[in-house]
Amino acid sequence: MSGSHDKDLQSASARLLKQSHSRWYEWLFWAVALSLFVIFGDFIPGVPTRLMLLTEIVTLALLALSIDLVLGFAGIVTLGQGAYFGLGAYVAALLAKGGAGTFPMSDPVIGLLIAGLVTGVFGFVTSFLVLRGSDLTRLMVTLGVALILSELANQMRWLTGGADGLNGVMPSAVLGIWEFDLWGRVAYLYSLAVLFICFWLSRRIVNSPFGLSLKAIKNNPLRARAIGVPVNARLVAIYTIAAALAGIAGALLAQTTQSASPDMIAFHRSADGLLILVFGGAGYLYGGLIGAAAFRVMQDVIGNITLQYWQFWLGAVLVALVIFVRNGIIGMMVAGWARLRKGDGQ
Amino acid sequence: MRNRILSGLAAGAFALAAVPALAQEVVKVGLILPMTGQQASTGRQLEAGAKAFLAQRGNMVAGKRVEIVVKDDQGVADISKRLAQELVVNDKVAFLGGFGLTPIAMAVGPVATQAKVPAIIMTAATSAVVPQSPFFVRAGRTMPQMTFPIADWAAKNGIKSAVTLVSDYAPGIDAEKFFKQRFEEAGGKVLDSLRAPLASPEFSPFLQKAKDLKPDALFLFVPSGQGATLMKQVIDRDFAGSKIRVIATGDVTDDDLLNDMGDSVLGMITSHDYSADHNSPENKAFVEIFRKVNNNMRPNMMAVAAFDGMELIFRSLEATKGDTNGQKLVDAMRGLKWMSPRGPMEIDAQTREAIPPMYIRKVERKNGELYNVEFQDAGSIKDPTHTHTK
Amino acid sequence: MTFVLETRNLTKRFGGIIATDDVSFKLPAGARHALIGPNGAGKTTFVNQLTGVLNPTSGQILFEGQDITNWTVRRRATAGIARTFQINQLFAELTPLESVILAINERENAAHEWFSPLGSRETIVDEACALLDRLTIGDVRDARVGDLPYGKQRLLEIALALAAKPKLLLLDEPAAGVPESEREQILDVVARLPAHVALVLIEHDMHLVFRFAKTISVLVNGALFCEGTAEEIARDPRVRQVYLGEEEVQHG
Amino acid sequence: MLTILFDGVAYGMLLFVLGIGLCVTLGLMNFINLAHGAFAMAGGYLTIVLMNRYGISYYWGLPAAFVFSAALGAILERTLYVHLYNKSHLDQTLFSIGLVFMSMAIVDYFMGANQQTINLPPALDGRINVLGASVGIFRIFTIVICGLLTIALQFIIAKTRFGSRLRAAVDDGRVARGLGINVTTIFALTFAFGSGLAGLGGALSIGIISIDPTFPLKYMIYFLIVISVGGTTTITGPFYASLLLGVADVAGKYYVPEIGGFIIYTIMVAVLILRPQGLFTKGATR
């Protein structure tokens, strides 16, 4: 009896560990993302270059990923992630502009790290505002912070260029080797690499004991406190991390488009990020990634069909998705998979 | 699961690939316009203007067929930059054009420079735009070109003091700066300069402040398409009763909106290069064809900028005999002169800025509709801000 | 004699209402104590002050001789005060195993680890499995908590509290709402709780109280009405009158 | 000075009528309806069409806008919204944003993208002197209508049978059903009424501003600010919040234009931090 019991115990540990192992479809996902570079990188005659669109998707995906950490795992509803996105964009753009294309100030990687650091600090300071209150309160406080910051960006013309935005943003070559090119090849690979690293870190976070405590807080903060979880400290920590990731996403966008303008910090960034995450499915990490790709591709395709009225069809898809599906695209895939397995069993 | 993911990806890949391959003798013009959102009406006028040009002239020039590709920039700079890049790389456009707002033009500048593709600025009216790229050529007009004539007119017509109220963004600040500069040079005094947020739904505090300062005149500027709310509240505030004249650049009494503003704007004085009422055979033909192909819409200054932008493109292609080398095309545009629906047009050979004719106009009722009726020719003004060459 | 828990003149007012009225109370280590009283007697309010959810208006709370009156919920929890809830307060989306590991992690100060994956500390997983087995819910440790039958959820309530290795465990109506068939299982578990843990049972059910408690306090209108051994309380006519009498009426 | 106060009050009143329907759906039905502005837009455009195309008077346009938006609200509530009551707030947000996108495209298709406006009837146009300050007649008209509406609303909720049933349905839907109250109908009527008020607000607002297809998105933030500052448990909370925000916004832009843009956002954040339940709620802490 004791033998089988020991085996049982081992398998409990192993099963938990297995949850953090990567699956074949995850490898497939990243392999596909990488192969898109070859397909749409103007290497195959007749296939158009869409790397700039893909780069935009990658930055949006990183923004949505950062929202997933706070919303999908810690349960904080936020409409203010655009503030950190925009702040990161301005920091990176100012650095690249200030360095005028020379090392170290214009170096993209250093710019990215500094942008992440600055937004992380700002996220830490503002995180104390979201510790109390209901969903609506948190929504409005985060939105309020974002609106104030975007108004600041508009007013501080001497620094941000005001409504004109910043131009002459010249990040130097990535790692001193690869210059940003017109096809967006370097931009895509660079952003994809950054997304991968950030994703991998996020994945470790949510599968760790720390991540487990976040899920517990999301489920039941009262009980979490009662068993000794320092709820506020954990929320501050994850909010800060997410802010830094959003800042890195903004910095990526500023570097790859070589500009920064007030619309990078505007309300619609926060709204887009949240929309994309819910569209893809919150709480899976991949939701933001798949949501960003699906959303932007859909927007592009419908926009090519009906230039002026694409918003109608996009809206219709959102409405239908909510009515017929739970938990966005991934929720739909999970439900479909479950039905498939059930069918096999019969 | 595998099938689902794969089919999903295949659908995405198909979507990304769904751009037509190009034919040989076609010259493509990529227009990046705001077709949705706040500036959508500007985008519609620009597109309609370009369509009117093709309807009038046909689409063949120098043995090549000109095709227009329109993209929606959603008013967002980074999307515009991506669209410009895709138009250059995928559609192999020979020209870019449009650009609703200054930051959008600024974001596209590096692409035009890197790809050596001429980019025609039709809207963004800040003087700072064109120097950003050697491939920028302006078909519209700049803020000082519009504000100098009205400042001159005010100084000569008994107005000693003024308050300015502009939208808080680059062209607005340009308008404020150049009005003040010119008006004070002529001996006037600007009592205060007010700036309203770009998306402001409520102008009343600013208007009340202007009224309380009791100037001889109130000078207004808001972007094209945004004048209706402002004028409504200006009328409501009853400046005429306080003996304050209201003057503006023509953007406020936009042809697109003017007819809905009602009789209260009758007599308002503005300065601009284009009025749908301009009395010339070129303009009559333009308005006629424009209304015909665009569902009887009335053209405004955006439409004429797109029309002239297409004119520039056709004339430069004629000059290069169909050669689409960007540098040659830009060089061909320098110093071009032609008769536009707005009057005699010229491209400054040094600065690549447009030199449009300017007029002082007054809102009047004609054939049952409101028009900006030109009553004074203010001549052609070079943009005074840059003296750079190249 | 050392006391695990002591309150001195504990008083809580909500506006004009006195919910806890000058309660002075001592609990020895390893006690098996029951806190009873009619509905609205202030039992839950009293417990909420012990665990730090509510702050008393006046008076003191001492834990192992230390004044903990102003400590936070978390600090008390880590010091060794654990509780179960009258209405289940569980993590519906987690599994029982994850829930218990979470509690052990907090106790072992391992919960801030963000890089190493969950389950890499085998001793913690082993301990969690053993605890779940002891509470007879080892078989469902990988199910979703929200999907468990009610009785098993009640047992998980106790497991979560025990995971902290508390010195004092407050059980708030552990068998409330549990169907008769699963009731015995819970009573068994309560009876087998480690002897060194001081237990306070907040209960309505007199069978459960007399079966398990050695000492009893009766709370009426927020004040300590009387205290004594189970036999003394059972015999006390005043208690019968104010409490058991009402109980009869309720059940009748 | 007094003029600024009047302008601010009129602006605030307008915000109140535009936003109160959202407050009702959120506070009473626990539904986040970001598409609320679309109903206001529908009322505004209906009035424009009636006046400019059919020459119907503005005074008829106002009730027509109310009826039209209320009917639209009732239809959408029965066909679409009813599926969403049990979904999460996030799903509701996504859904109603989808509706906003659709409404913007629909209006763009039928009405065009440019700003549209109306000419007020002469009796409402112009200015008069009130206590030595020059005040727009239409702003007084707005204040009077919105003031009457507020009193009527307060009366309906506090004094009528419908009001007490509504309160019961909100407190506990299951119990109310047990008492024989038709909760479904009550919710549908409430939703339609809230939408109708938004439509009326839209028709009133085109007397002060012009309207374009981005209206629902542009005003969404203002509605949310009113609600979060005023709280959702009463009618009076959002009312005072609207007045406060209207006056603060107008006065701020008049006296300190440099920071005028920050004022309402700062007020909102400050209020939410100090009193997360809203500024004008009773017993703020639970």
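For reference, chains read A, B, C and D in written order, and residue numbers begin at 1 within each chain.
Going forward, contacts are C-beta pairs under 8 Å (C-beta built on N, C-alpha and C of every residue); 3 or more make two chains touch, one makes a residue touch a chain.
Predicted model, so just to flag it, every value in this text is computed and none were measured.
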If a chain touches chain A and chain B alike, it appears here: D
Furthest chain, CA centroid comparison against chain B: C
Inter-chain centre distance, chain C versus chain D - centres from mean C-alpha coordinates, in Å: 49
Interchain centroid distance [CA atoms averaged], chain A/chain C, Å: 42
Whole-Å gap between the CA centroids of chain A and chain D: 34
Separation of chain B from chain D, taking each centre as the mean of its C-alpha atoms, in whole Å: 35
Contacts with 2+ other chains: residues of chain D: 104, 108, 113, 261
Of all residues in chain B, the ones touching two or more other chains: 36, 40, 44
Chain C residues counted as touching two or more neighbouring chains: none
Touching pairs - complete list by chain label: A-B, A-C, A-D, B-D
Touching residues (chain side chain A, partner chain B) in the complex: 25, 28-29, 32, 36, 39-40, 42, 46-50, 52-53, 55-56, 154, 162-165, 167, 182-184, 253, 257-259, 261-264, 268, 293-294, 297-298, 300-301, 303-304, 307-308, 310-311, 333, 336-337, 340
Chain A to chain D touching residues, read off their complex: 71, 77, 129, 132-137, 139-141, 143-145, 147-148, 151, 154-155, 267, 271, 274-275, 278-279, 282, 308-312, 314-319, 321-323
Contact footprint of chain B on chain D as seen in their complex: 3-4, 7, 11, 52, 104, 108, 112-119, 125-127, 134, 136, 138, 208-210, 212-214, 218-219, 249-254, 257, 260-261
Complex interface listing, chain B residues touching chain A: 1-2, 4-5, 9, 12-13, 15-19, 21, 35-36, 40, 44, 70-72, 75-79, 81-82, 85-86, 88-90, 102-103, 106-107, 109-111, 114-115, 126, 128, 132, 168-170, 173, 198
Contacting residues of chain A [partner chain C, same complex]: 8-9, 12-17, 19-20, 204-205, 207-213, 215-216, 218-220, 222-231
